[in-house]
Amino acid sequence: MLIEQLINGLTLGSIYAIVALGFTLVFGVLGIINMAHGEIFMFGAFIGVMITAMFDAPLWVAFGASILITAILGFFLETFALRPLRNKPGVSHLAPLISTIGVSIFLENLSHHLFGSGNKPFEAPFAQVSFQVGSITVYLVQIVIFVISIILMVALSIWLGKTKAGKALRATAENLETASLLGVDTKRIITMTVIIASAIGGIAGILVGMAFNSVNPQMGLSMGLKGLAIIILGGMGNVRGAMAGGLILGLAETFVVVYGDSGYKDAIAFLAIIVILLIRPQGLFGKKITT
Amino acid sequence: MVLEVKKACKNFGGLAAVSDVSFSIRKGEIFGLIGPNGAGKTTMFNLITSMFPLTTGEIVFQGDNINGLKPNKITEKGICRTFQNIRLFPLMSAEENVMVGVHSRSKSGVLSSVFRTKSQRKEEAAIRKRAKELLEFVGLDDFADITAENLAYGQQRRLEIARAMASDPQLLLLDEPAAGMNETETSELFQLIKKIQTLGITVLLIEHDMPLVMNLCDRIAVLNFGKKIAEGTPEEIQNNPAVIEAYLGSEEEEEYA
Amino acid sequence: MLAELFNPYYLQIGCFILINIILALSVYVPLSTGQLSLASAGFMGLGAYTSALLTIHFDLPILVGIIAGTLIAGLIGILIGLPTLRLQGVYLAIVTLGFGEVIRVVFINWESLTNGSVGISGIPHIGREILKTLKGFGFNPQSMGLQNNQFIFLSIFVLLLIIAIFLVWFFRRQHYSRVGRAYAAIKLDEKAAESMGINITYYKVLAFTQGALLAGFAGSIYAHVLAYISPADFSYHRAVDILVFTVFGGSEVIWGPVFGAIFLTFLPEVLRFISEYRYMIYGLMIIILMAVRPQGLIDVNIINWIKSKKRSKRGVTHGSGSEKSM
């Protein structure tokens, strides 16, 4: 029982971590809370549903399509909602926040038109496959989700730490002006960051669809709010912090459902950050993009 | 003594920005605080105005220990300052900036302000009058309605002095008031600080303009690497070998940098 | 004739506009000290539930309920405002957003008190209470040529209009005073403000609490105008709506949030003929506005321009002091 819950918690937590990664990358580089990230994530989930349900395509095609669409959404977000506000005199730090809220309102209502407002089932082909290890039941879906999340996190860490583009991204996050003086094309890096963050959101969307077997236009909001809580928990702009914060939240929620009152599950994230911010405002793991 | 700094120490992390500095300022004098860049002068100001807490030591103002008071309480006690990198309220008019300075010497709250009680109206008129007087005092009476960010650099420096004086300080701290000023402006500033002295206000001055410091100050303390290396009259300081050493040394370093 | 003029539907929109103005002010006031609070929906919910429960279960007069709802929100505002003071910018925004979510989750789960996500219905209605009281004095709305429900909405509208005008007047006067200067100074440069003798803790908590009081008050009124509330009324969407009123209209001057609330409450009604797309248009408008005019539609320059127009129309030139008085 305990181990099963632990597995549930880790599965949920690894999804949270992936969602939070998208927030933290954008915050690390741009210093902006991207309120539209939840909706981009939701779009990714719906694209996955459409591809698998309508065209009966295999899962990897769904991932590919979802990544493509969310990457395009990320590009639009950067081009139309973020870039026009950058380096403009007299723009308060509120403006990009509001602008991304505008994008989130637009996308949420667009999805009502495109996908309908109800729940859509998301059947992974291997949804019912499970293993029995002693008295413990493990579903293949859980393993797939966990493995994909881990691969994604490791790949991102390596990319940020070892590749030229990743290093340029970190330099930009550290200090935009210095990076641009050192010859980093910061405009390109910023666009790339928003696109990558959005594509990661798309992947997370499919993972959530598989985990909960259902997709709806409101899921962007609830997941988005949790993602925000996690990046505060893990330290704004901190990649490892986002991963750890996601896992902690996933485990905490699972155990509250098991041993406490499930109704308060959704409040845990925010109670945690309220406490964290009062004790350790820089988050559990400090700031900035590190590997 | 207006102000006594006793063995003040300030560490940032492991680095000592100010260590074991003591000096006293007499009532009514102009006291200079000089030293090469990074010597800890501005840190000293931040310690006196409680923007940073002291690591160890003591600061006594008119007989009261003021350690650990909040910056706004320090202003209420009668110490007010200007900033090295001008910190006016950029979108407010010159007059409003000075009116904010009167804050600690006025007391209207929300309700008396909204319902404009008799005492509030009287106070508001007095604040406005005081602001006009001070703008005139620093020579900005023609610029009362100009927003602070649209004033010339030298005017902004003088506006900061007016704003600080609006709190009726016993001790006025000026952090590099002549920085960025041309010769005419500097000589006007000289007159202004002298005029402030005649009002009975004690002045503590950080300044790099040596002719100004030497002509203006009654006494001077010299900081280098967070330590006090000399104190005395301008003549004594000018002939002090340790001071000459500190300044020449730092100039060489600057040339290499 | 009056009957056609006072269409209950229009009057109801009018009431919502006025409530939204109060809510927009609840973001504007903390923001005038530089604090971005997204807690207004939460405080609104606290006010609404407090007042609704008190009037239903203890049969208290609506006025008492509204006062209690407002004060509870203000009290919680002080409790939240004190520890969150040291948080800056986006951190404060997220924590206050989180506070709202916690409040909403409590409303959903504390079923014995709040009836859970179903919500509370049968809350005493201000308009009906006014009508009942007036009828007690022998008044009959027909004598004014009005139907009962026209009179009900008209009375609420007039009441709210008076309150809204009072509040704008209140905060405008506060703005042009020692308190308002302290707020502005803190917004522009906290450290410099503190060095000039301003107790920033006091004024930041004061502004945050004023925001909470406003939101709690608006929430209490909301409960007694709709007669039905549920946790969904005080969700993230409400928090964002309120924030957008203020930022869209402009947060530099008090007329910004007022205009934003009026315009953005009307807009979905006007766009009703393309109702399916109206929220998409709403989203697009926000994006475009931020790109073109990030300070909001109404700013200091516009206000000065309107003032100079007025002045030249009257053909009188005033001293600079005149604009400071109301």
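For reference, chains read A, B and C in written order, and residue numbers begin at 1 within each chain.
Here is the rule we go by: a contact is a pair of C-beta atoms (placed from the backbone, for glycine too) under 8 Å apart; a residue touches a chain by one contact, two chains touch by 3 or more.
As the structure is a prediction and not an experimental result, all values here were calculated from the model.
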{"item": "Chain nearest the global centroid, as defined over all protein CA atoms shown", "value": "C"}
{"item": "Chain whose average C-alpha position is farthest from chain B's own", "value": "A"}
{"item": "Distance from the mean Cα position of chain C to that of chain A, given in whole angstrom", "value": "33"}
{"item": "Euclidean distance of C-alpha centroids - chain A vs chain B, Å", "value": "50"}
{"item": "Chain B and chain C: spacing of chain centres that average the CA atoms, whole Å", "value": "43"}
{"item": "Partner chain C, residues of chain A touching it in the complex", "value": "33, 80-81, 84-85, 88, 90-99, 101-110, 113, 221, 225, 228-229, 232, 236, 261, 263-264, 266-267, 269-271, 273-274, 277-278, 281"}
{"item": "Touching residues on chain C, where the partner in the complex is chain A", "value": "36, 83-84, 86-87, 89-91, 93-95, 97-99, 101-102, 105-106, 108-109, 236, 240, 243-244, 247-248, 251, 276-277, 279-280, 282-287, 290-292, 294-295"}
{"item": "Chain B residues touching chain C - in the complex, by the definition given at the top", "value": "49, 51, 70-72, 75-76, 80-81, 83, 87-92, 96, 99-101, 103-110, 113-116, 120, 123-124, 127, 145, 163-164, 166-167"}
{"item": "Footprint of chain B on chain C - complex, ascending", "value": "170, 173-174, 177-182, 184-185, 188-189, 191-200, 206, 320"}
